[in-house]
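Would you mind keeping the following structure in view while I ask a few things?
For reference, chains read A, B, C and D in written order, and residue numbers begin at 1 within each chain.
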């Protein structure tokens, strides 16, 4: 990792209003959790349904998308990435630094609020909060890596990313069981299933498979993004 | 007497224009028409037509099926299987995708290519630009929502359902669709006007619409059924555009609600109406504010 | 400053079937080299390859014998001023240059940034955001970011684009200084006069081909050494015309209201003949102007050769 | 009546003063506007288009006040910005027709005038292809076409030759000259290359630091000076020596020799010196003043 790359990326990503907008969405999640706790009281099934539907299925992938593409996409698009590439720093290291910012951002704005929301709604009971927190954490890293790779590979990363998150994981995932095997959402839910001590969540993927797939995706996507950045052609305008 | 010349070379040099210049209002109308056509890809590349036309088709398909079913089963049921006014809510994802694709295509594109200065150096004022773009997208959305309703209406008439009742229901649903169109177009445009990057615009609009709808519906469901507090669930509907407008038409137009919980009572209804108009007004104000600040060169 | 040499060896670069750079071989050593050519001639593509941002489709690009492509270490020696304007607009000039110094891993980035900003005389605006800079200021701060690690090689893609006359002069002085320090400076331009004022050595690209190379004045002479259109005003145009026609070195002589137009076949012979003929005939020459010196004809001449 | 008139026009931004009590008058013709980056050129254009209010002072176009009659002014003005402003995904024809409509032309007139104007600016088969694939020169032509399509009375061109190579630059300059000479449209054009303005403008306005440095006809700026420039094919030093011994003060300027033109005898001295040396006479011209001189710096050949 490179401290300067991290700092520049962090400022580009979260400088100005954007951080507040992202924070606002985290706060909304927490506010809803508080509201549910006040109105419903403690109901673990509600906690699981709420965190599963709002946090793991929507908030985490969408944040992963915005943040993962945001750490490098605009720079490649407007050409300012040359200032990073024209330095004696290995390209994989640049990717690693960018991923660190993206993953940290997604974890802070999506995974941590998920964990806190779980605590608010169910306390520490049955390790529900922990289960969803860990799932959101791992999913944050995985989505960041995937969408970071996507933005190195294509200029339309946001659109393809949306298509994956909404259509593959969301729509197809709910109708076609096969699609679920290749879904970050399902892999991370299998972690939740394993951690919580009560039967609230069920994932279609076995824990071992999910763990391996998650590791492969995170490491693989990061490695490949580094390789792609090494051969990224910055053509002139002609 | 000179001979009549049989050949002539015409002057094809520069010609002055002394025809009419139509002024602000007509320019605004021209931009409105252009943007409206653009929302369906007309006058743009073939690729730009694919998505909106596809969505229009997808939107119409269930209505067509409903029309057929109605004709088959009308003897038994004596009505449409789905009321007109619920159609928008049922097909909400299609509306969201349409908006996410076309609002950035309308505004972010001009920002990205920096064509905005070319508009503002012409007779129109900045508010004319906003008006034309807003009007065009709202109309485009309205048309998207209207087509399936008309298909259902035709189906209902063919099935010899009572014409007067059907017409009344349709008109009310169309009014609801108009409110949907204005609210959603406004929200989509405000988001799109903030970024010259189309991808971000698409993502942001989908995120806002999908996340707010998912979160509010989930909350409403839990509170209404697990807690049994229908009033609070009703109030929560104010927090997402879809449930807000649905509540609006439930209360004002007496439509059947698609939300988990309708507005709570008369006070709730009034608040829904006020919030709906406030959202429209806010979108209009934000867009004007945004374009007052766009640099010209 | 230890001198560095960039070598381009039989390099081509194509995009699909479009060939942007076509079998180019050149060596760029210390001093200022101008890369000249019309738009679309492949200048940016060539600079992209020299800077290690594009892989040559064929041939090799090396810096002091080391391959440039996929070799981030060359950036210890290369400073790059890209054509595109985008920089980190949200940073101040100071932060931007400092970040570049840090990215180079310099031991004292603060001092380096300070020195670089002083070199381009941008200290006065270093506290303002890059996004608020004018074009000329942007160009200078980009220059500072390229100079921050004191590189032996400086690559500049169209550095004068959009600069006003004063900013141009300032940058020229700066580049001259860099060249005098023994750095290898390569800049691209499509404006002949800019190159003329700055570069001893020029490389001319036309339609992807390496059209000419060498000392500027030498090439300029080669370029002008060819049939020429002349306009002449004299005390006796008619007399001069008939004297010129008598010699074989003019292909056409035309006389209309007090201006004599001559098409010279042998350029040198004609220019030598003219003063002699005029003197012998006692005709006073008021004006002798070559008229087809436009760059258009210069470039088309190069394409044909 | 002047086309453009400003009186004590001032525009202040929080950090800078872009225009400082600027009073100018622009008569019909090709008018060059010169100034350093940030000298207030763009600010002036924006104020004239009625898009940005002045801090104080007055400005009018065709006698219409810019603060009150913005839309009427913009109906009769064409504007070509310096930066890219073209969508890449539509054809030139479609884009220019649309822009004509945006200037208030009815649909039929918009189509006809677009076809005409694209021909006048020199776009032919390529006008049906998407603009994204155009060269810089073609894009500049489209930008110019959209500024002319509604037959404005004045067209404001901001750096129209920026980024063009020599061929493209010559074409564009010729085109600008035609806009006035053939189309009868007054042109207000900015450029960093002062030599370009010398070639095409009838009148040049120089702004520096927001104030008027000078406004006069181009012929006034470039009047001949009492000097003679000569260029010889070889032995320049020997020729110079001969001329010096004949009593002339000869200066060397690059490849050229510069000598004072005190009387017409000098012409003969030069002719004879060159003939005696037996070298070629490549150039013999009376020296001219240049716009750049008012900046007090030698611009050399940059702005040829």
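Simple rule for what comes next: a contact is a pair of C-beta atoms (placed from the backbone, for glycine too) under 8 Å apart; a residue touches a chain by one contact, two chains touch by 3 or more.
None of these values were measured; they are calculated from a predicted model.
Using CA-based centroids throughout, the chain positioned farthest away from chain D is A. A count of C-beta contacts for the chain pairs A-C and C-D puts C-D on top. Inter-chain centre distance (chain B to chain C, centres taken as mean C-alpha positions): 54 Å. Centre to centre, using the average C-alpha position, chain A and chain D are separated by 54 Å. Rounded to whole angstrom, the centroid-to-centroid distance between chain A and chain C, based on C-alpha atoms, equals 48 Å. Computed from the mean C-alpha positions, the centre of chain C lies at a distance of 23 Å from the centre of chain D. Counting only residues that touch two or more partner chains, chain C has 39-40.
Residue positions of chain B touching 2 or more other chains: there are none. Contact of a single residue of chain D with at least two other chains is seen at positions 82. Interchain contacts close the chains into one ring where each touches exactly two others, per the touch definition above. Chain pairs recorded as touching, per the definition above, are A-B, A-C, B-D, C-D. Of all residues in chain A, those touching chain B in their complex are 25, 28-29, 32, 35-36, 39-40, 43, 46, 49-50, 53-54, 57-59, 62, 65-66, 69, 73-74, 77, 156-159, 161-162, 166. Across the complex, chain A meets chain C through its residues 2-5, 7-8, 11-12, 15-16, 78-80, 82-91, 230-238. Against chain A, in their complex, chain B makes its touches with residues 197, 199-200, 202-204, 206-207, 210-211, 214-215, 218-219, 222-223, 226-227, 229, 232. Here chain C touches chain A in the complex through residues 15, 20, 39-40, 42-45, 47-48, 51-55, 70, 72-76, 78, 80, 82-84, 86-88, 90-91, 99-100, 102-105, 145, 157, going by the rule given at the top.
The touching residues of chain D, counted against chain C in their complex, run 35-39, 82, 135-137, 159, 162-168, 170, 192, 194, 233, 255, 264, 267-268, 270-272, 274-275, 278-286, 292, 295, 297, 299-304.
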